[in-house]
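What follows is a short report on a single structure.
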Amino acid sequence: MASAAVSAVAETSEPAASTGLARVLQAVTGRLVIIVPYLWLLFFFLAPFVIVFKISLSTTAIAMPPYTPAFSLDEGFAGLWSQLQELNFDNYLWLTDDPLYLNAYLSSVWIAGVSTLLALLVGYPIAYGMARAPVSLRPTLLMLVILPFWTSFLIRVYAWIGILKPEGLLNQLLLGLGVIDTPLVILNTHTAIFIGIVYSYLPFMILPLYSSLEKMDYSLIEAALDLGCRPITAFWKITFPLSLPGVIAGCMLVFIPAVGEFVIPDLLGGSQTLMIGKTLWNEFFANRDWPVSSAVAVILLLLLIVPIMIFQFAQARAQEQGR
Amino acid sequence: MNPTWSRFNITSVVLGFAFLYLPIVLLVVFSFNASRLVTVWGGFSIKWYGELFRNQGLMDAAWVTLRVGVISATVATVLGTLAALALTRYTRFRGRVLFSGMVFAPLVMPEVITGLSLLLLFVAIDLDRGFLTVTLAHITFSMCFVAVVVQSRLMSFDRSLEEAAMDLGAPPVKTFFQVTLPVIAPAVVSGWMLAFTLSLDDLVIASFASGPGATTLPMKIYSQVRLGVTPEINAACTLMIGIVAAGVLAASIVNKRREAQRQRDAQAALRA
Amino acid sequence: MKSLGSIRRDFAPWKDPSAKPYIAFENVTKVFGDFTAVDDLSLTIFEKEFFALLGGSGSGKSTLLRMLAGFDEPTKGRILLDGQDLAGIPPYRRPLNMMFQSYALFPHMTVEANIAFGLKQEGMPKADIAARVAEMLKLVKLEQFAKRKPHQLSGGQRQRVALARSVAKRPKVLLLDEPLGALDKKLREETQFELMDLQQSLGLTFVIVTHDQEEAMTMADRIAILDKGQVMQVATPAEIYEAPASRFVASFVGNVNMFEGTVAAREANKARIAGASGAEIFVENAGDAAAGNAVAFAVRPEKIKVSSKRPEGSANAMEGEVFDLAYLGDMTVYHVRLPDGQVVKASALNSSRLTDDPLTWNDRAWISFQPDAGVVLTR
């Protein structure tokens, strides 16, 4: 009666060796899912950082590649040890000696910080308005926020040149309206960078804000109003605290990339602006000083670790609360 | 009760979208300007589009960008999907923390660092910079974005679908291709689109990783933009925006139709 | 054709010592991290049996089913199917199929393709597949829905597609994980009988996991009550209800009154239990309880009579006060508080329209029950 079932079982398990092999093969195919992307990232993501770190410790040379390796395995491990003893932190000392770099770091953090704050001020009312919009309209509004992200970053920054330059559209408009007599100088100033960063990263600010505001239960506000709270107070006591995870996520998503930004300060900020991404680029392409640009990169990375950790921590907590 | 959409709310949304879209709209409008002076309206013309297609350098760059985009997006989609599977399906394996770190780090890594480090790698392994290196670089950073998109879909994936397939006799690999992949296909496709857009858009990493003969469109545009705004670039940008906007709109319309159909079907099923 | 009832009445392989079990769990333990889902559990299931695993959440019932299907491997112990150890055999090579709680219908395939999926994996010829799919669609009365996708079906229809898909391969054993959980009450009751008919007509062994005792009682030949990964009792529905093996089983299935006490005297099958409050209870089926044992006498509410006067000739009668009552139309449930504070539940069928003895809140009332109305529980 049950013979068919038994034979089906028997067939599959009988030649123990072949199932053993099959199982090994199975395990390997399963592991490939991990191994392939893992190796790729080790080779193309982690290894390059090790190289950056290594080169940041070597000395500049006029050659191709333009540096003398700090250590290599050519002389075996004994050689490696002696090389380690003579490790060269000159590039880092150089960075601390020359105020250019310190100023570049400070000004990057300052510009990114101010821009983040401005993006929050601009983005919050928009996200709030979207979250209060009729439910049927929300998906469309959301898509409209995401859409610019799909268009080229470079193009969006470029568009502002035409608007901000002295004979640009903004000045034409203001002069035409008689608001000003002489054209405003906006391009090649910090203001232009602020505008550029706020404009480019605004969707990153709006999206997390919107998602935390949208899922908020409106009856909480009603309860607060019912208990005698004025609308403004209700906003500060209820809405804003509950949207804090979104505020943190949005700020980090703007701040982190803004610190290392290159395109915006380069196109809108002019030659006077100091930002670390631009300094690295110049060090590398103009001065061809690979060791120093590597050291700049290492320090920039260290600088960003703290905000990245804050971001990850906030995300993890938001996920826990979501459960 | 639903919150009311106050005048303040409406105003902030309208002004916000005006801020987001006005610069792009102006750029598009001025690409049809007959005048060479970008900011002075000299009548409607499409001559800059003609100029654009006669500009061999720009056309070559566009062709390079397109090829890099398609190849890197495709490879990145495969690798990113694998990485997403590894992260969602294998909760413990040696080095998982490092692995997930490497998947998420490129998302927030400044492009200058990624670009510089990849370039130094290519120099270290003595790989000539060009088409291949740009493609490898784009695969590396865009696969992480694909992984995030696919992973979020896999998190809500009903594992019992796979168990059902195996229960009905499909071995794991067959189960993946017949059940898992078709179900997560929309996420994989949007992962590909994201990777393609990122590749199309990238200036910084390409500048580091590229070499002679492999100038991408953003690199070309950047070098011309540095010399000043020209209507030709406006035209090129308009074309790029148009293509992307058309793609995104088409995708969202298809999605909306499908969703509406789905809802009608569900209602019909309930009535039946 | 034999009626369903007569087949089921004669079917009792577990009483036959020579019958060979079809599925056997032997000392199976399953540990997830530091949680023991199944704890040294042994269980046998016979061919063509409709077997229910009944328990609350975390009782290990689903884990048992998943180990049988091959999605989880036991940490310790073995699982035998017709004498064959299932260890190391992946789910796709086991001759049993499962119907999932979520139905797990492939959303990108039509009803037809869903049902054909398992047959295709076997490499069955196309014509045969088409014939089998048509047969299955007829079986679950979904012929006109063959080309629909799952999202175009109602909950009940989806449930039937899932059923058709899982029996299409003619598995020897069908595993059902809360198969009726997502249906509304009326549909659930109808489907229970459909499942029983199907099991008989296809001659399959059904193993069903459920947390719904009514469902298990209605459908199963035997029920295993599980708690914390262990089997509390395996028996027919009637045995489970009338002769529970422990306090846990008695209170898990249905309502019950527990009279706690010690066995004061034991004679043949009879015993006298000294209740905690001093009342004495005479019982006729004392089981294995010996004098001095702490026991509980478990009596179902419908076996307790409530009256305003002391009933004549009743072995066990206690006086108390009507503490609460619920008139349910067909019957009335009384909560009578005894002097020691215990609240006894008694249900009385309202068999005549007028009651000459209308008891109401705060009335003095007598509860009484026969010496064989309940069971003596030592565990």
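Order as written gives the chain letters A, B and C; numbering starts at 1 within each chain.
In the analysis below, a residue touches a chain if its C-beta (ideal position, glycine included) is under 8 Å from a C-beta of that chain, and two chains touch if they have at least 3 such contacts.
Because the structure is predicted, anything quoted here is derived from the model rather than measured.
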item: Remotest chain, chain B as reference, centres from CA atoms; value: C
item: Most heavily contacting chain pair (counted by C-beta pairs in contact); value: A-B
item: Chain A and chain B: spacing of chain centres that average the CA atoms, whole Å; value: 16
item: Where chain B and chain C are represented by their mean Cα positions, the distance between them in whole Å; value: 54
item: Per-residue multi-chain contacts in chain A, two or more chains; value: none
item: Of all residues in chain C, the ones touching two or more other chains; value: 93-94
item: Chain B, residues touching no fewer than two other chains; value: 172
item: Complex interface listing, chain B residues touching chain A; value: 1-6, 8-13, 15-17, 19-21, 23-24, 26-27, 30, 38-39, 79-80, 82-83, 85-86, 89-90, 93, 95, 98-99, 102-106, 108, 110-113, 116-118, 120-121, 123-124, 136-137, 139-140, 143, 147, 172-173, 197, 200-201, 203-204, 207-208, 218, 221-222, 225-226, 229, 233-234, 237, 240-241, 244-245, 247-248, 252
item: Chain A residues touching chain B - in the complex, by the definition given at the top; value: 26, 29-30, 32-34, 36-38, 40-49, 51-52, 55, 65, 122-123, 125-126, 128-130, 132-135, 141, 143-145, 147-148, 150-156, 158-163, 165, 167-169, 172, 199, 202-203, 206, 218-219, 221-222, 256-257, 259-263, 267, 277, 280-281, 284-285, 290, 293-294, 297, 300-301, 304, 308, 311-312
item: Residues of chain B that touch chain C when the two form their complex; value: 158, 160-161, 163-172, 174-175, 178-179, 182-183, 262, 265-266, 268-270, 272
item: Residue numbers on chain C that touch chain B, as the complex places them; value: 69-71, 90-94, 97-98, 100-102, 104-108, 117-118, 121-122, 149, 151-154, 157, 165-166, 169
